[in-house]
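I'd like to ask you about the structure that follows.
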Amino acid sequence: MRVLVWNEGVHEANGSPPNIAEYYPEGMHGAIAAGLRRLLPDAEVSTATLADPEHGLSADVLDRTDVLLWWGHAAHERVQDAVVDRVERHVLGGMGLLVLHSGHFSKIFRRLLGTTCSLAWRNDGEQELVWTVKPSHPIAQGVPHPVVIPRQEMYGELFDIPDPDDLVFISSFAGGEVFRSGVTFTRGRGRIFYFSPGDQEYPVYHQPEIQQVLANGVRWAAPTTDRRDVPDVTNPPRQWLL
Amino acid sequence: MRVLVWNEGVHEANGSPPNIAEYYPEGMHGAIAAGLRRLLPDAEVSTATLADPEHGLSADVLDRTDVLLWWGHAAHERVQDAVVDRVERHVLGGMGLLVLHSGHFSKIFRRLLGTTCSLAWRNDGEQELVWTVKPSHPIAQGVPHPVVIPRQEMYGELFDIPDPDDLVFISSFAGGEVFRSGVTFTRGRGRIFYFSPGDQEYPVYHQPEIQQVLANGVRWAAPTTDRRDVPDVTNPPRQWLL
Amino acid sequence: MRVLVWNEGVHEANGSPPNIAEYYPEGMHGAIAAGLRRLLPDAEVSTATLADPEHGLSADVLDRTDVLLWWGHAAHERVQDAVVDRVERHVLGGMGLLVLHSGHFSKIFRRLLGTTCSLAWRNDGEQELVWTVKPSHPIAQGVPHPVVIPRQEMYGELFDIPDPDDLVFISSFAGGEVFRSGVTFTRGRGRIFYFSPGDQEYPVYHQPEIQQVLANGVRWAAPTTDRRDVPDVTNPPRQWLL
Amino acid sequence: MRVLVWNEGVHEANGSPPNIAEYYPEGMHGAIAAGLRRLLPDAEVSTATLADPEHGLSADVLDRTDVLLWWGHAAHERVQDAVVDRVERHVLGGMGLLVLHSGHFSKIFRRLLGTTCSLAWRNDGEQELVWTVKPSHPIAQGVPHPVVIPRQEMYGELFDIPDPDDLVFISSFAGGEVFRSGVTFTRGRGRIFYFSPGDQEYPVYHQPEIQQVLANGVRWAAPTTDRRDVPDVTNPPRQWLL
């Protein structure tokens, strides 16, 4: 299994917020990739950022990617449409996609979902509790109920997404808000998992439980074939089955 | 539209908790019925309790009921199986059913859902916030986001129910728990709405927003025909469409 | 309730196929509107086509539209993006949308769904049977099981759509294919119903059962408020509920 | 992975229909088990029938079962309620369950689903086509689109089941009927897959594609832990997370 962790990398490049270098000396993508390597020892995990040529998402790279993780926030609009088109085709053809935290507003997520993906937010370092509501789901395996995140940005409802295929996690925040924090979707032949915990300002991606969720998500979203097969129109003759 | 509010009525009969007579001088069913009469002036709203002959749920009564609301807690096991069978047939045949609060453990709800319907609970008079997560749903029309319930029993996940058709409301509690507090199901031709806010110890059923949810639920669950038509086996010949 | 039936009107303008003038002397939109007027006597039903200024979908017109029906086929690419943007905003804000037959490939449907919306097709005048699989759904009320369409274009699986909120109808065709022919979605605050029966070459929109489905769909998709309210980001302070 | 194929075995014992001994010399359970052994070489596959003590479903046996397959038809009522109770607890606690063909009317399936599970049927040896409608689902991997079954009993809608978690397959029959022939459910911590193709009169379970679906279903339904953990009520104190 080949996994690619994509991070715009802008917070890291700008040293903003100031503590990002302390929490994420290798960038958030580095921390996420380290967690995946620990939990998925047979996977080949690499990283890419916005600053790479073609954002590190060339046709060749995507051809060799089973599951793509996407973290973006400050630079959604700087992602080239041609690259978004390419990622979209790969997802529809079978590549798994994990969209993380502020990636809810990425071009690729909004395009695949068809809604505004807007939400309520507040950056006040609140405790987040992540509750499992579908314990039979592979993404919930081995995940505490709840996961306790000591300090985190609040994301709250209304989260403007279509009804998910599976609602796996619901979060509450100290201020009282709730959020559908772990949801799955299918688009074409591709499986999508959105998971909200994780932020540039808090060391959430170092929590082992969060790493477990991401590893579970990668395994769940991985296609069973290398072939990309975007659904297309067919025009079969009447007797084609004979 | 003919609506029947069923309440076991045991807390009221026993004067337990002590404040129930103050909050619900006409019983919880009386308060619920009053709210429905106010908001659904064209509906014919009546009530029944466990102590009535056949629990007030005779074949004749059910034949004339479009939507049944069910509140039970202390006496689930005292509901006769023959009556549960009858209610089940009516729901499968098209009668709407609203199950309220501790009715999650009623025989009828568990039988229709097929799960344990267990949950976490704590009676500590906590603030509950009821958030709308499907604003297009008729049951959410005119309902504040969130509804604030000053004091209420906590119901928390894991709520062991099948995936609902629609998840309309999620609640959070002061202690941090979350709960899928407004969910819909279909069984046979019948529509089912479970709504958790409301308890024998707190005056929740007097809140206008809660009454609005219940009235919306009744309208949503009402069948479009008087005929009860439980799905049944058929054995059509090959050419029956000719 | 104000209903707008939109048809590109290109088949009618071109007299192609030749029998279209015989089946649809007022255009398909005319036949659809006539059916709605018959079944929804309180609704105000109007029509618009691609050739109208702004395709008949100006901001003013959409402000006054509760439910929009969309028929397109030959000219999807000629629909201006600015108009599609506008329709999209209205749907996300609460306007109901019915997408008909070859409208599966319209810009608006693909954008709201996020998939290719591709399918298998064959124009061989085959019998289509439309079976109800969710009889409790308002869109299925009064609809025969099955609806028999003597001659119709075949649409078959794989229909590349996201999992619908509700699967109401499944069709079979004489050649053996099946199709999820009646499906609902929610996007933002808007309700969407896709219904495949109906074509420029067959008089399907004159069948009373098909008209019944469309009228049911319009009623189901209608918003409960005139206000358009596209979900948007909010940034509430910690204590906003106090 | 330990898999148990349960078959009532009554058709085989009675030699009815007459050709059953020819098609299924080891019983349908024997043919199903052989297919699973071929495709899941690491699984331990055993069989049991109604005539075994405790129907071969003792507490010990179920403790050691990851996925149970269930075929029943003529003797649903002869399955002891105590055994059904036991199977139900195991499913709610995490055991996977595959229900096959006429098992739709088994006590265990009806109890877990909460509906009548009724359907239309006709035994006329018709061609069945099994179409994949969710190609991203693990159960659809490697399965032709469609699977062609030359002769099979017809099962048609309305199939009175709750909305499934996932609709994977839809079948059509030569007579024109359609059927949701591959559907998944979750109950408690257990995953359930119902698959209709397969009958005592036709050699369907010898088709490699059908065997592939069953093997995929077993893999999908298998729990990730040996521990059975039926959801239960909890009463956590306010500060339990501290």
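Before moving on, here are some points about what is shown:
Letters A, B, C and D name the chains as they come in the text, with residue numbers starting at 1 for each one.
The criterion applied here is as follows: contacts are C-beta pairs under 8 Å (C-beta built on N, C-alpha and C of every residue); 3 or more make two chains touch, one makes a residue touch a chain.
Predicted model, so just to flag it, every value in this text is computed and none were measured.
Chain centres were defined as the mean of their Cα atoms; on that basis the chain farthest from chain C turns out to be D. Set side by side, B-C and A-C show the greater C-beta contact count at A-C.
Distance from the chain A centre to the chain B centre is 37 Å, each centre being the mean of its Cα atoms. Per-chain Cα centroids separate chain A from chain C by 32 Å.
Shared interface positions of chain D, defined as residues touching 2 or more other chains, are 129, 134-135, 146, 156, 158, 163, 165-166, 176-177, 186, 188, 231, 241. Partner chain A is touched in their complex by these residues of chain B: 127, 129, 131-135, 145-146, 156-159, 163, 166-167, 170-172, 174, 176-178, 180.
Residues of chain C touching chain B in their complex: 94, 129, 134-136, 138, 141-142, 146, 148, 165-166, 186, 188-191, 224-225, 231, 241. Chain contact summary for the complex, chain A toward chain C: residues 92, 111-116, 118-122, 124, 126, 156, 158, 160, 162-163, 165, 175-176, 185-188, 230-239, 241.
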